[in-house]
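Okay, so chain A shows up in both of these, paired with chain B first and chain C after.
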Partner chain A sequence: MTLKFENAYVKDTDVIVGKLEKEGPLKHYFDKYYEDGYCGSKTWEQAESKMAFETINNLVERNKVDLLFGGDLLNQITASSFAASKVNIPFLGIYNACATSTEGILLASSLVDKKIVNNVLVNVTSHNNAAEKQFRYPVEYGGPKPNSATFTVTGSAGIVITNKKTDIKIDAATIGEVVDYGIKDAYQMGAVMAPACAKTIYNHLKALNRDLSYYDLVLSGDLGECGKRILKELMKKEYKINLKNYNDCGTMIYNIKTQSVYSGGSGPACAPLVTYTYILEEMKKKNLKKVLIVATGALLSTTTVNQHETIPAIAHAISLEAI
Partner chain B sequence: MTLKFENAYVKDTDVIVGKLEKEGPLKHYFDKYYEDGYCGSKTWEQAESKMAFETINNLVERNKVDLLFGGDLLNQITASSFAASKVNIPFLGIYNACATSTEGILLASSLVDKKIVNNVLVNVTSHNNAAEKQFRYPVEYGGPKPNSATFTVTGSAGIVITNKKTDIKIDAATIGEVVDYGIKDAYQMGAVMAPACAKTIYNHLKALNRDLSYYDLVLSGDLGECGKRILKELMKKEYKINLKNYNDCGTMIYNIKTQSVYSGGSGPACAPLVTYTYILEEMKKKNLKKVLIVATGALLSTTTVNQHETIPAIAHAISLEAI
Partner chain C sequence: MIKQEYKTLVKKNLPKENRLRNSFVAFFIGGLMGVLAQLLTDLYSYLFEITVTQATTFAIVTLIFLGCLLTGLGFFDKMVHFARAGLIIPIAGFAHSMMSATLEYKKEGLVTGIGANMFKLAGTVIVYGVVSAFFFGLLNYIIFGG
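Up next, the complex of A and B:
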C-alpha cells in the first residue's frame, strides 16, 4: 500500500551514537556520542533507554511535540517505554524490528498530513551489547560469527514530522507486507530481508508509476554487504529492475574493511542514523534531491529461532524530497 | 491527546478463545474455542500465532482489508508477525502491552476517518501458557502467586474499522501518556496500571468537556479486582470523580469466585474479547448506547523486572456509540 502526502515535512532530527559509530565514516555527522557503552548507566538496557530519552528530550526542548512514536529491539520495547515515561507526551509503541523507523515516519506523516495532529516525534534506538545479550550471547563470550552476520548499531535517532513546510518533504510511503522466504539462519539477515525490501521497492515504483531513475538514491536499511548483493540479484531476476544509484545504510555507517562489523550495521537505529545526518545534509545542499529510504526488519525472536521457525521480514519505504 | 472521529465505524469482529474463557460467564458469546491449549500446534507460541491467523483470516475472508495492525505479548510480537506472514496485507506492528487493542483502534480510526485507507484490521492476541513461560515460570512448575496477580487470557481478537456507516460508531479516542508510580512488583499489575487508567479517563472527559454520566458504561481493560478498587479510589482522590457505571474486562471474562484466576484476566486480548462480543451485542440491542473502553498496559519485560526497575504503565481510551 502506497500513501502520497501533501503536507508532511521533516522539521528536526536528533541523534546520538556509540564509540564505534563515532569512529566510522560518518564521524563528522555525529556530534553527540558515548565513549563508554554503558553511557554512565548500570546496565546496557538502561544505557539504551538513556540514549532514547536524550534524543527525545532534545527534540521536545527544541520543538512543539504532540505525539511520540517509539520502538526498539529490547523485549517489549522497554528502552522506548522507559524514555517515554520521562516526558509527558502521548505515546504509541511500534515494532517492526529494524523497519520501525520508517513505520513510525509513515504513521506520523499520515497523521500530520491530514492535520489530525501537527507535530509528531518518531524515535528509535538500538544498542549493540543489549541486543547481543538478548538475541545471541553476551559479547564477553567472544563467540565467533560468520561474515554474513550483521552488527547492531548503538545509537538513538529521533525525527519530528510536521505539516508546516520545511526544506525536506515527505513525499510518499509504501507500507510493506510480511515476506517469508523460509530462511532459518539468524546469521543471514541480509538474505532474510532482501526479498521484503525488493517487494516494497517494486510495489512503491508501481503504485506511483515511477521509474527507478526518479530517485537520485535508493537506500536500504541494514541489508549489509551480503544483503546488498542479494537485493540487486532479486530486483533483476524477479522484477526486471536494474538497481543503480543504490546503497545500504548498514554498509555506510561503518568502514566494513577496517571495523570488525562483519557484513555491516543493523538495528532500528541504523537507517535513521545515516538518513537523519549524512543524507539530509546532502539533500539540504541539493546534492541529492529525491531519496527513497527502505528500512528493513527481520521479525524473529530468540524463541522462534530456537524453535527452528523461519524468519519473516518486512520493509517500509519513505520517499523524501528536497524542496 | 484526544481525537474526535466523524467517519470511523466498527464493521466486523472475530474472536477465538481457550478453554477457561469458554467456561467463563461470557461462554455464550464465544463460538470458537480450543479445548487444548496447544490448539493442535507443537508449541504455545505456535498456538498463539495460529489463533491470531484464524481471526485475521476470518475477517479477511469476510471483508475487504487494506491494512493490518497487530500486536501481542510475545517478545518481538512474533505471534502477530507470523500470522501476518500468512496473509498478503500491509502490516504494521504495534505494542503497548495490554493497551495494544485500543492503540490499534485509535490509529485505524484516524486513518479511515480521513480516508487515508478505507478498511483497517486490528488484531491482538495473548496466550496464558506462552505468557507465563516467557514472563514468569512454565505453568508446569505450579508456583504459587498472590491474589493480586492477574491471569493472562488465551485468545485472539480482531476488529475491522471502516469509514462506511455501521451501527457502532467510533466517536473519539484519547492517547495515553506513560505513567510511572514507582511500583516494582509484577504481581501488582492493577496497582501499576490504575494511575495511567485514571489519568486517561480524566484527560478524555476534560478534552471533550464531558461528565462521567455521558457514558452508560466505562470499562477498564485488565485491572482486575484489586486494580478496580484502586482506580475508584484514585479517581475520587486525585480527580474528584466518583466512578460509577464502571466495570473491568478482567473481572468480566472469568468468574473470579469459582475460576482460579486470582484478581482477574489480563493480556492484550482481555479487553477486546469482552468488548467485541458482550459489549457490542448489548450496544446493538441498545441496552448500552455510549461506552468508554480504556485498555491498560504495563510496560515491563522480564529484564526490567529482574533489574529491579519500576513498571511504567499506559492506557488508551476509545469512545464507542451505538447509532
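Up next, the complex of A and C:
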C-alpha cells in the first residue's frame, strides 16, 4: 500500500549516539554522544531509556509536539515507555523491529497530512549491550559470531513531522508486507530482510509509476555488507531492477573494515541516525533531492528462533524530497 | 523466487569464515592453556609437596579464579573474541561463562537475577556433562568391569 502526502514535512530532528558510532565515518554529524555504555545509569536498559528521553526532551523543548510515537527493541518496548513517562505528551508505542522508524514516520505523516494533529514526534532507540543481553549472550561473554552477523547500533533518533511547509517534504510512503523466505539463522539478518526490502522497493515504484532513476539515492536500513549484495542480486533476478544509486545505512554508520562490527550496523536507530544527520544535511545542501529510505525489520523473538521457526521480515519505505 | 533458490543465492553471498585461521588460533591457545595448567600442577606439587592429583585440583582452581578475575576486569570477552574455542572450551572459559552471566544479571537481584541466570550458558555443559559421564561410566563398567 502506497500513500501520497501533500502536507507532511520534516520540522526538526535530534540524535544521540554511543562511543562506536561517534568513532565511525559520520562522527562530524553526531554532536551528542556517550563515551560510557551505561550513559551514567545503572543498567543497559536504563541507559537506552535515558538516550530516548534525551532526544525526545530536546525536541519537545524546541518544538510544539502534540503526539509521540516511540519504539525500540527491548521486550514490551520499555525503553520508549519509560522515556515517554517523563514527558506529558500523548504516546503511542509502535514496533516493527528495525523498521520502526519508517513505520512511525508514515503513521505520523498520515495524521499530520489530514490535519488530525499538527506536530508529531517519532522517536526510536536501540542499545547494543541491551540488545546483546536480550537476544544473544551476556555482554561480558563476548561469544564469537559469524561474519554475516550485524551489530546493533547504540543511539536514539527523534524527528518532528509537521504539516507546515519546511525544506524537506515527506512525499510518499509504502507500507510493506511481511515476507518470509524461510531463513532461520538470526546471524543472517541481511538475508532475512533483503526480500522484504526488495518487495517494498518494487511495490513503491510500481504504485507511483516511477523508475528507480527518479531517486538520487535509495537507502536500505540495516542489511549490512552481505545483505546489500543479496538485495542487489535479488532485485535483478526477481524484479528485473538494476539497483544503482543505492547504499545501506548499516554500512554507512560504521567503518566496516576497521571497526569490529561484522557485516555492519543494525537496530531501529540505525536507519534514522544516518538519515536524520548525513542524508538530511545533504538534502538541505541540495546535493541530494529525492531519497527513498527503506528501513527493514526482522520480526523474530528469542523464543521463535529457539523453536526453529523461520524469521519473517518487513520493510517500510519513505520518500523524501528537498524543496 | 522459490525458497530453495533464495537459499542458494544467500549462500553464495555470505561472507567467508576464516576457518583455518580460527582452528589454528584455537588449537594454539587451547594448547597454551594446557601447558599453563601443567606448569601450575608441577609447581604446586613441587612447592607444597603434594600428590599430582591434589596439585591438579589446585591448578584447576587457579585457572577458574584467573578466568573469573579477567571477566570481572573486562578482558576475557576480548580474549574470547580472538581465541574463540581455544578459550571457551578449557575450564577458565567455563568459569567465564558463569561469571559473565552473573555480572549481567546482578542488577536483577540475588535470587531472580544471579541465582536464576548464573547457569544460563554453563547449565547446558553441566547437564550434558553429567549425562555423558553417566553413559561413559556405564560403558566403562560393561566393557572393562569398572
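The criterion applied here is as follows: the second predicted complex is superposed on the first by the 323 of 323 C-alpha atoms of A that agree within 3 Å, B and C clash if a C-alpha of one lies under 4 Å from a C-alpha of the other, contacts with A are read in each partner's own complex, and residues count from 1 in each chain.
Definition applied: a residue touches a chain if its C-beta (ideal position, glycine included) is under 8 Å from a C-beta of that chain, and two chains touch if they have at least 3 such contacts.
Everything quoted here is computed from the prediction, not taken from an experiment.
By the touch criterion defined above, A:A317 lies against neither chain B nor chain C after alignment on the C-alpha atoms of chain A. Contact with both chain B and chain C is seen for A:T43 once the two complexes are overlaid on the shared chain. Once the two complexes are laid over each other on the shared chain, residue contacts for A:I89 go to chain B alone; chain C is not touched. More chain A residues lie in contact with B than with the other chain of the pair chain B and chain C.
Contacts of A:N147 after superposition: chain C is touched, whereas chain B is not reached.
Residue contacts after overlaying the shared chain place A:C249 against neither chain B nor chain C.
By the touch criterion defined above, A:T304 reaches chain B but does not reach chain C. Counting contacts as defined above, chain A residues 43 meet chain B in one complex and chain C in the other.
Within the complex formed with chain A, the chain C residues making contact are 1, 3, 6-7, 9-10, 12-17, 71, 74, 76-78, 80-81, 84, 88, 96-97, 99-101, 103-105, 107, 120-121. Interface of chain B with chain A (complex): residues 1, 3, 43, 45-46, 66-67, 71, 73-78, 81-82, 84-85, 88-97, 103, 107, 110-111, 113-114, 116-117, 134, 175-180, 299-304, 307, 309, 312, 314. The part of chain A that touches chain C in the complex is made up of residues 42-43, 133, 137-144, 146-148, 181-183, 188, 191, 195, 225-226, 229-230, 233-234, 237-238, 260, 263.
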